[in-house]
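Which chain is which? They are A, B, C and D, in the order written, and residues in each are numbered from 1.
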Amino acid sequence: MTQNPVKPVHGWRRTLHEIIFEADTPAGRLFDIILIIAILFSVLVVLLDSVTTVRMRYAGLLFTLEWLFTLLFTVEYILRLLCVLRPAAYARSFFGVVDLLAILPTWATLLLPGTHYLAVVRLLRVLRIFRVLKLAQYVSEARHLIRALRDSRRKILVFLLAVLSLVTIFGTLMYVIEGEKYGFTSIPRSMYWAVVTLTTVGYGDISPGTPLGQGIASFIMLLGYGIIAVPTGIVTSALVRPRPVSTQACPACGRDGHDVDAVHCKYCGTAL
Amino acid sequence: MTQNPVKPVHGWRRTLHEIIFEADTPAGRLFDIILIIAILFSVLVVLLDSVTTVRMRYAGLLFTLEWLFTLLFTVEYILRLLCVLRPAAYARSFFGVVDLLAILPTWATLLLPGTHYLAVVRLLRVLRIFRVLKLAQYVSEARHLIRALRDSRRKILVFLLAVLSLVTIFGTLMYVIEGEKYGFTSIPRSMYWAVVTLTTVGYGDISPGTPLGQGIASFIMLLGYGIIAVPTGIVTSALVRPRPVSTQACPACGRDGHDVDAVHCKYCGTAL
Amino acid sequence: MTQNPVKPVHGWRRTLHEIIFEADTPAGRLFDIILIIAILFSVLVVLLDSVTTVRMRYAGLLFTLEWLFTLLFTVEYILRLLCVLRPAAYARSFFGVVDLLAILPTWATLLLPGTHYLAVVRLLRVLRIFRVLKLAQYVSEARHLIRALRDSRRKILVFLLAVLSLVTIFGTLMYVIEGEKYGFTSIPRSMYWAVVTLTTVGYGDISPGTPLGQGIASFIMLLGYGIIAVPTGIVTSALVRPRPVSTQACPACGRDGHDVDAVHCKYCGTAL
Amino acid sequence: MTQNPVKPVHGWRRTLHEIIFEADTPAGRLFDIILIIAILFSVLVVLLDSVTTVRMRYAGLLFTLEWLFTLLFTVEYILRLLCVLRPAAYARSFFGVVDLLAILPTWATLLLPGTHYLAVVRLLRVLRIFRVLKLAQYVSEARHLIRALRDSRRKILVFLLAVLSLVTIFGTLMYVIEGEKYGFTSIPRSMYWAVVTLTTVGYGDISPGTPLGQGIASFIMLLGYGIIAVPTGIVTSALVRPRPVSTQACPACGRDGHDVDAVHCKYCGTAL
């Protein structure tokens, strides 16, 4: 959102922009609170609509509420398009697409009746709640978390690669040891079991039956129990990060990574 | 408890207050120890009373014990009301309400026989154990934990919001992929499954049956296994937070890094 | 072991003591390695003896091996008694008792044939492996871990108390909501289910069946998934502990807690 | 790989070496990307080959693809042997053996038809993906992780030993308490259950049935839930370890705290 190239517009569109997109005026905050309540209720309607017993009894009410929220969100979407300087850029942005997907499925039922699967797309509405994060101090907290995760993405990828290799090798091993008798009917299915075990989920829909298989399973469990320390350590150390590094590059040699209290470039000695 | 506006009373009420509310006198410590034993036994009585075979055989004994503890806690409640300066404030405080809820259900059975569900309210007695935390050094430890959790509440809320969005989206996806055949009968039920999987609980009462569903389930498990690092990292970094260092520099030698409680410069001994 | 008041004895007893109790001579190290192998094999014998099919076929071999190891450990126990200065103190020490429990059950079978349950006591032999920890650098590593756990014991106790309260309250709640139909037959059993759920174990032997119960279960799971951060944060912060504090007390005012680089008492300014 | 004693060869072998072993030329990077795609597809072929329904229908296609990848990897293996200075050293290295094991099983089917179990050895191909880690900045990230794990290996071993002792003791205890009726048919099987419980996996294939057993199981779960903090704390504290700071003080201004790679004082610019 920070690199948003939209310059503020003037007149009523500016006022509208302040209300809809910002949260630092009373009207803007009120709009955000109403929006979040509408989102939560519209999600609840979609959820209840999928429960057979509820749909049987309250079909009419759910239908009415669904159209009410769709109309509300449609008006909101049009207003958003009107009050930004570059509507096309907004429409192509992440939240622009989510805003559209939140209303499209219901309108589509007019043209193509019975689009059951399309209807569940409406649940992407839940992502719109993250708009509300611009309220209050949540932005900086969310940014801190995202930055920590982004900083550790390479370590996490290396870790995931190692986990997937373990899953492949142990899955294959158990396929050979346990065989079809205990539900290890194919290597992909054995790998599914290995993921269930290594991540300490443990459904129990497939579980080892031979003593050797139980021994190896115990080893995988202890491994999974132990290596959960790795992603935890990675993210924690990224969050704890003690010494922030200045983003300033040396004007002479162009190298960066200087401490924030550095006065001279530590590589060539030029004053920063 | 620190901002408790009650000023100490005098005479026997003061002595009583010292015994019941404080733990820095031998009598006060003895009272606390007796109280915690009484609480634990009264909780045990409620637990055993819910086991059919035990209730069958020891109905009379359990009934007697229940009334014994209720009378004891009633006397204690009245004494507490007597020895505080503002009984109404105590009665409305968190522990005041818990103290009342611990005795009310048993008295209510006199008026309304057979209030089965009300009886379980008595188990709130377990919360009374936290009174004993004022014993010894536990207060500061508990306060440290609570402060760390409070400091990280916004990050945790952002994280929970992200988790709930994942649960909604993956729950809906599995509802579409697996369908009723494998127990994913509605979106709320699929979301329940998604929580069971993402949190690595894994009951196995619902588990995916199709290869595609198992693939997505594996992804959710790995995700849940990985992102548990996030709350852990948040709380750990809040707990690790180094002992705050004073920003004050020594007026004599100019060196800083003194503790906030330091009175003299630790390097040259000058008064700060 | 550090506060062991036994002064070194002389002559052959001293040599024996060096071999049996220490690990800094070649003979001592060899003894430790032989001992650990004997322990592992004797544990294996006990394990295999409990498997019906194995006991059927190899009853004689297992019986012979069991007596072999028992005689070996008995000789070792007598030698240990002989070479320490105060045999009674050794016999009452933790490892002294473990050493005795490792051999007693087998001897007891001579007097009382068929002491099935006593036999499993022999598995305490596994604890004897920790003797080997005195080998190499493991002592300091183990001591570091133990110190971190001891430092955080109060925080962990507060956390456990909070978890037990949650388990009691949620267990009771689910007992009322789900009832006997779904296996929540008593409050203790519901509390067992709450522990299974909160710790993310999730056997699935009891699982909620009503929508409301599944909603509360989802909440408990998310709670358990989130608050695992608390013990982790506690232990991590105890292990990370950045700034060691000097054990030196001020010679003038007697207060301690000074930094290791402090030259003057930070409270009264006296040179340390 | 860093201590690889192979000196660069010249001419076409040098060019080949650059392409196959390095990733800092466009050709080398292209080779790595093609290789990783080939590895992933060949793994997919092995996985699908183990699914009965897929093997039934696409036996011919899978057979052709398998030989295509085997020929490709064989050519690659021969080229690797050709362009290194000491082929024998490469052949004996970890990745040399993995490269050979990736092709051997398929060739072996020519001599010994029906080597079903040998075929799964081909899945070790998945390990070859780690060659790609030399791409980009992943090497240093992986090395950081490995170093942290290696630094904490002794603490982790002590922890594992403690966990195995707990598993032995609790497994034996539950074998005595629950007995054969609830599936605890032998001590090794009870220990398998203890691992499943302590690591919070919780299949539910074996679960306690007696109240006392459920109580002890609850204790084991809480223990497992709590002590997961230990490996996490160990790895986190190893990862958090601050960026090492040089002990060198600036010869001009005398200030220290410079990075180990600093050439000039960051405060006054003097060469260190």
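Here is the rule we use: contacts are C-beta pairs under 8 Å (C-beta built on N, C-alpha and C of every residue); 3 or more make two chains touch, one makes a residue touch a chain.
Bear in mind that the values here come from a model prediction, so they are computed numbers and not experimental data.
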Taking A-D as the reference interface, which entry in A-C, A-B or B-D shares over half of its contact pairs by residue number?
-> A-B
What's the call on chain A versus chain B, same or different interface residues, using the half cut on shared numbers?
-> different
Report back the single chain whose CA centre is most distant from the CA centre of chain B.
-> D
Note: chain D sits from chain C at a C-alpha centroid distance in Å of 30
Which residues belonging to chain A are in contact with no fewer than two other chains?
-> 159, 188, 191, 200-204, 224, 228, 232-234, 236, 240
Of all residues in chain B, which touch chain A in the complex?
-> 154-155, 157-159, 161, 164-165, 168-169, 172, 175-176, 185-188, 191, 197, 200-204, 207, 211, 214-215, 217-218, 221-222, 224-226, 228-230, 232-234, 236-237, 240
Touching residues on chain D, where the partner in the complex is chain B = 200-204, 232, 236
Chain D touches which residues of chain C in the complex?
-> 43, 46-48, 50-52, 117, 120, 123-124, 126-127, 129-130, 133, 137-138, 141-142, 144-145, 148-149, 156, 159-160, 163, 188-189, 191-192, 195-196, 198-205, 224, 228, 231-236, 238-240
